[in-house]
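Chain nomenclature is as follows: A, B, C and D, assigned in order of appearance, with residue numbering initiated at 1 for each chain independently.
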Amino acid sequence: MDVALDQPGLFQNQQGEQYAPAANRLAPPRTALLTRFRAVRAASLEMCRPLSVEAFRIQPSEEISPPWWNLGHTSWFFVRNVLQPFGGAQEPADDDFDYVLNSYYASLGERVARARRGSLSRPTTAQIYAYRASVDCRVEELMLALDEPRWADLAAAIMIGLNHEQQHQELFYTEIKSILAQNPPRLRCGYLASPPVPARQASAEALRLVEFADGLFEFGHTGAGWCWDNELPRHAYYLRSFALADRLVSNGEYLGFISDGGYRRQSLWLDNGWSVAQQHGWQSPMYWERVDGQWWAWTLGGMRQLELDEPVCHVSFYEADAFARWSGETFDAQRGARLPSEREWEHAAAQIADDPADAAPEAFLDPCRLHPAAALGHERLRQMFGVVWQWTASHYEPYPGYLPFAGALAEYNSKFMDNQRILRGGSCATPRDHFRRTYRNFWPSPTRFQFSGIRLAQDLED
Amino acid sequence: MDVALDQPGLFQNQQGEQYAPAANRLAPPRTALLTRFRAVRAASLEMCRPLSVEAFRIQPSEEISPPWWNLGHTSWFFVRNVLQPFGGAQEPADDDFDYVLNSYYASLGERVARARRGSLSRPTTAQIYAYRASVDCRVEELMLALDEPRWADLAAAIMIGLNHEQQHQELFYTEIKSILAQNPPRLRCGYLASPPVPARQASAEALRLVEFADGLFEFGHTGAGWCWDNELPRHAYYLRSFALADRLVSNGEYLGFISDGGYRRQSLWLDNGWSVAQQHGWQSPMYWERVDGQWWAWTLGGMRQLELDEPVCHVSFYEADAFARWSGETFDAQRGARLPSEREWEHAAAQIADDPADAAPEAFLDPCRLHPAAALGHERLRQMFGVVWQWTASHYEPYPGYLPFAGALAEYNSKFMDNQRILRGGSCATPRDHFRRTYRNFWPSPTRFQFSGIRLAQDLED
Amino acid sequence: MDVALDQPGLFQNQQGEQYAPAANRLAPPRTALLTRFRAVRAASLEMCRPLSVEAFRIQPSEEISPPWWNLGHTSWFFVRNVLQPFGGAQEPADDDFDYVLNSYYASLGERVARARRGSLSRPTTAQIYAYRASVDCRVEELMLALDEPRWADLAAAIMIGLNHEQQHQELFYTEIKSILAQNPPRLRCGYLASPPVPARQASAEALRLVEFADGLFEFGHTGAGWCWDNELPRHAYYLRSFALADRLVSNGEYLGFISDGGYRRQSLWLDNGWSVAQQHGWQSPMYWERVDGQWWAWTLGGMRQLELDEPVCHVSFYEADAFARWSGETFDAQRGARLPSEREWEHAAAQIADDPADAAPEAFLDPCRLHPAAALGHERLRQMFGVVWQWTASHYEPYPGYLPFAGALAEYNSKFMDNQRILRGGSCATPRDHFRRTYRNFWPSPTRFQFSGIRLAQDLED
Amino acid sequence: MDVALDQPGLFQNQQGEQYAPAANRLAPPRTALLTRFRAVRAASLEMCRPLSVEAFRIQPSEEISPPWWNLGHTSWFFVRNVLQPFGGAQEPADDDFDYVLNSYYASLGERVARARRGSLSRPTTAQIYAYRASVDCRVEELMLALDEPRWADLAAAIMIGLNHEQQHQELFYTEIKSILAQNPPRLRCGYLASPPVPARQASAEALRLVEFADGLFEFGHTGAGWCWDNELPRHAYYLRSFALADRLVSNGEYLGFISDGGYRRQSLWLDNGWSVAQQHGWQSPMYWERVDGQWWAWTLGGMRQLELDEPVCHVSFYEADAFARWSGETFDAQRGARLPSEREWEHAAAQIADDPADAAPEAFLDPCRLHPAAALGHERLRQMFGVVWQWTASHYEPYPGYLPFAGALAEYNSKFMDNQRILRGGSCATPRDHFRRTYRNFWPSPTRFQFSGIRLAQDLED
């Protein structure tokens, strides 16, 4: 069987031209990819170990999937995009679960409504674990057996599957945070055994601004590593001079916004943002609760008093934007403040010596905290990676010359380039080898359940 | 501790007058009640034995609670209405679970929103089982220890708790039927091991009408047995002469309505009914599916082809009413047809020798079928009890002189006497010792997930 | 042309049997009916004289039609139910306007969605006036020209059209009250030139209870006068002994309910009522506003300070029911209080010497006030007619043996016998010759824009 | 009175710096501005002359205001932004109507909910005309009387008011098109006396592509003319090489999309677009109707058969985007097709000799047609201005270095820079002196009631 006739390579357009950078086509050695496959797949299971049988099935709202689905969907992805196109072994479960594990790929057939995932008692969690194990076996078999000419294509498909699964690993942490938060106070307990220990108790240093000169710069992925289609092509863009805050906005600073009436002053908000805030009755970031005059926040380790020098988190784009406008009034009345554009952020990140994709794992904080840490150290730019995703002012649009993946995976990114905002940086829940300075995360403006925070920017005078 | 000062007896009004019939005040012997308590409580656990851990947590819609909640709520009912008022032992779980297990009793405090029960992962199913066991122990202790003067009050409260639990046992069957129906066809399997075997294959006999003369008759509960507050007081009511069908409407007859355009002819429907039918796109009873030109129906034993001589089931009041109007056109153009009033039904039921509450269990069909059976035998009136609940034309209103239970239990029935319709008879899912000819079941007109069907009636000329 | 073949008489059932009382078949003399026709038709125009061209087109919500529609629809009713079936003259406008002036008669064809009436700029108000004039001419022609054998049928159809128009005349007052209330305070002005002058300033006398003995009584219309199909047939019903308040609940008494937390105490409310009240944020009757610590109310003559001894008005069934329950706590803790059933009200009304249908017009207050007056005089039962409609505890159901009008007019009443409550008595906005003690008005429980108020009742001990 | 202390000039930031281009600060001579003021104000009245008294009050949906409001609001704008800050004469109506004529300026106080404008019968249309006349007098007085030092500020404010009114003049045409379309077919008549005569009957020529080389170009307003704050500042941007279609997409081409299943193929649509299309049941552009196998379209002159070579109009961004994707499949499978970015459009428009703002009025088609015309002539780029607004792929974002107007007018543009798409070009309903090649129109993606159409673009290979 030769799928090439029916299905172009993932980095071909419909006329068969190659358009992806060489890097994505450089097939890794089989054993190296096998090792990585096992590591990523095992990590998903490891994450689920603390879960009760109950927590596996909960879907608190349409946007949050139950953990069983997460485990199943990431396996289904290999069935449809690896096993089936490359002639791997088939199992009856592939057909049985196809309908419930498809997320939104219209080209891969009908699927259960997203909001109904929490209404299913089948497949059982045990069935999903068995399905995962079966998929793993079959993918490994295929990796060992496929003939050399098609290895590069297979490797490319597997790399997408692994990066997809890592996205769901991050999603998992934000979903389980929401799932466990549903329980009423007397019954609520965290995913971790205890709340995160604050990194330090010192108060936050005043925010400093780092300045960047104007110029025509290059943006988008380059080099030997892997990337998503939406990080391409590399392209030129002219930046005006600007300044970027050296660290994230802290909880303490955000409390200033709240106490100054930030949630009641319509003039600070975008029109859409004000509507959403009124509709939901927002008065503080998500997961904050005021108990006996003290602010507490829900963490993956349970409730904990708010740490003032930790970065504010779980704010929507609208809150980030309103905070920036308010901040401009007080913090620099002369020039105001705003959110950075995604290219300003990327340009600044390129000043930091290494791309995080190349950094050693030790460069990151303890990944088991799953909570954003206060700013430490004295680098010029701090908290760029691995703390919270940073809302940018940029709507999610294709880069000039963008070509989506071919075939079913064209739906992966391109269908969502409408009315969403780009976030950059990666958070405390992002897998360690999943950071890139060109990485474009995107969510609708009202989203708050992600680890999303604020970095300020400013115009400089030309 | 003497609760009498704070809380009047359940059958006292606020001035302390007794108003309940002597029967409800006749305290049963302790051992008899203990035996009954154990039997009813055990039956709820027995029902849940076939459930997967997943099925326990599913809430497909606001009106259908997950099974864990059902088990917990029926225990909570004893905590709040038996253990606490009568000084039984307390446990920390009583406080922990109070918020999530209260259904709607405003007088018993705050509670989790009904639609959020399916979003909770706590209490776990195991915690609920432990809570049940603890409640059972403590109630039994109390039953053995309480002093004689207060025994009658305690027995009355326990009787309400047991009748309440039996209502939830019936609810459980209808809820699990809906829960398992959520799974997509390839994954769907029933609560029972196999579909119900049809009672017989013979075609249904033509419907006969049984006539009843007019007169001033008595209605409402009487005699030595227990009853709900809404079955009282016994009162006089004048009935015109009428006729009642000797059996329920069959699936075959209902197919006639469908094929004659019943779901498309607005003139057959009440105005509200037509709106609801359009909004939901109703084209057949709930749980019917048309596959390759054949009608199938979802049962508690899985999918099964439609049996034409079984009674139609899972229809709303609006469908029952429209069917009756259509039926009048063809079946008796002279006098038309309609649904019976609740008192016509009760008067007719009184003609059957024994009240079902007094009948031996053997009088009923195999309770394990959980599916309505076709009409058998040659009694004058068939299928009055234990097949499907029969929609009546009567809105749910208090009987003249009605007094609700005192205290928190006043909310049990009286708050719902608005815009609901009475159903009579009991269904194949009703516990065997829970039938009464004066029993008033009630649901909003659009309800379809209950075992609800149709018996026709007709005016006679005076 | 002989319509009899296609369309049975209005008081025939489908088999042609007469079932209406002789009274409705007694055709009035032509000149008498012509006089009445002109009077009723002229009254609708007279009502609209104070309207601005703008007010004619406003539809503030789905349930409130703009005045142009009201004028048009009552004319359309004669086109479809009088001119067409009896061979009257036709005009092109009959076809042009048919689609927009049909209210809900499915059997009379498609129609514009009810909520879209306010979106139409055609037909213009001038077109509607011309249409009305044309219909009047043609109906009068027909009344003079039709041959004697068919006169009785024609007269019956015209009588229905006139009674229908009178219902819309009352509706008009309640609709224009709502329409003018939409304008913001600085621009708001009333339908009448000035607010109603209070009847007197004396404080309300304490409420007295009038007792009625039990017995088997007759209900429903009887005698020589005209009535709707839903007032028939005359039938027997057994009433327990009861007491009825001698007057309506006053604004002052209702303020007691408010200040005692009536709108915040869930235990006072039906479950549905509490939901509706929360959803709409009800804190007082409709049209009440609190300005600088004083209560004001919107009247058809503009804003006016609340008069404490006038009857409370513009309350929903749910508020009336909650008030009665609250009232029982304080006013008669022994026996409580409740709303009367519709038959209790009718039985009591029959004790007043004359049916209002027979009373001289002078018996009523000045109809130009359009505002409920305080209780005056010393009759045993006061304010039974012509003040506010009085919510009863009875759902709207057909009387036993009920037969709807035949043909298209079957939809007039019968399609709405679901989840509505009966009101009795007639209000200050009801046309003077439109009262009857058997008159059954009906509205959904949450309705507040009608002139609807409260009369209390009580059980007596047998 | 000196407002300067309280309110900075419109082109000052909060620190008082001037940032607007010299052009906007060059105050025109008083007589020239007076002439323009009279012309623009008169045009609004002229537009309303064909309206019936009914059409003035209709609000078919929240986004479409009734004409009376349009006339009032554009006058209110002068009261709040010209008369009050510059000390013009005051009238009681200014206060009376303030609440209902404010559109969304939170900083200018409370206002009537946008969706309720159609529920007001006050102010009457006559009151609005009187208010307009009074405002005109007072503004003219102020223009003649104000001292020279403040003339430039006054002129700037009046210029904004006039440009604002011209935007509402265009809105008026699209609103009245929708308002008159509400009437049912038999009663529907147009705003113009007759449908637009097609420019010619010849079939459309094949679409040609005009190529543009890459480079770093300048964008945003420049020169001596007036502009909105969102067209500034002038800034550099790097464009890749691209091609732009020489004309708009025609109705005939769009029919190809429909007949090829364009509205049924999910893969052609953005995810949000598909949802919206399903929700509203879109099957064709707005205002198209299929009658007896022929396509008709509603125009401002009534219903007319669809002209195949006229440009498609009244499509949402989602339809434009899906059409472009579909078009790429067939029309150029090699490189596909897409919508242009707003800067690609502006760059191409700069190739046309004159900015339309400088063109003589005769350059435009007959403005009384109010309907988009087929492509004529042989210019390199046709139909760039004055036919339909052309959806671009660009979300509405501030230009780098953007500063909103100061004071209340900061809300004019900046609050809406979220989840909207830019349209360029101006339409057949745009006032003749209101075009600019830098003009940025913006609407939410689902919008269809504007004259909005499609111009295709394409990537070129570098």
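Simple rule for what comes next: contacts are C-beta pairs under 8 Å (C-beta built on N, C-alpha and C of every residue); 3 or more make two chains touch, one makes a residue touch a chain.
Predicted model, so just to flag it, every value in this text is computed and none were measured.
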item	value
Set of chains adjacent to chain A and to chain C	B, D
If a chain touches chain A and chain D alike, it appears here	none
Centre distance in Å when chain B and chain D are each reduced to the mean of their C-alpha atoms	61
Distance from the mean Cα position of chain B to that of chain A, given in whole angstrom	49
Chain centre separation in whole Å, for chain C relative to chain B (CA means)	37
Overlap residues in chain A, where contacts from two or more other chains coincide	none
In contact (per the touch rule at the top): chain pairs	A-B, A-D, B-C, C-D
Contact footprint of chain D on chain A as seen in their complex	14-15, 104, 106-107, 216, 235-240, 266-267, 269-273, 333-334, 341, 393-395, 397-398, 400-401, 410-411, 415-419, 445, 459, 462
Chain A residues within the chain B interface of the complex	52-60, 95-97, 99-100, 112, 116, 118-125, 179-180, 182-184, 186-189
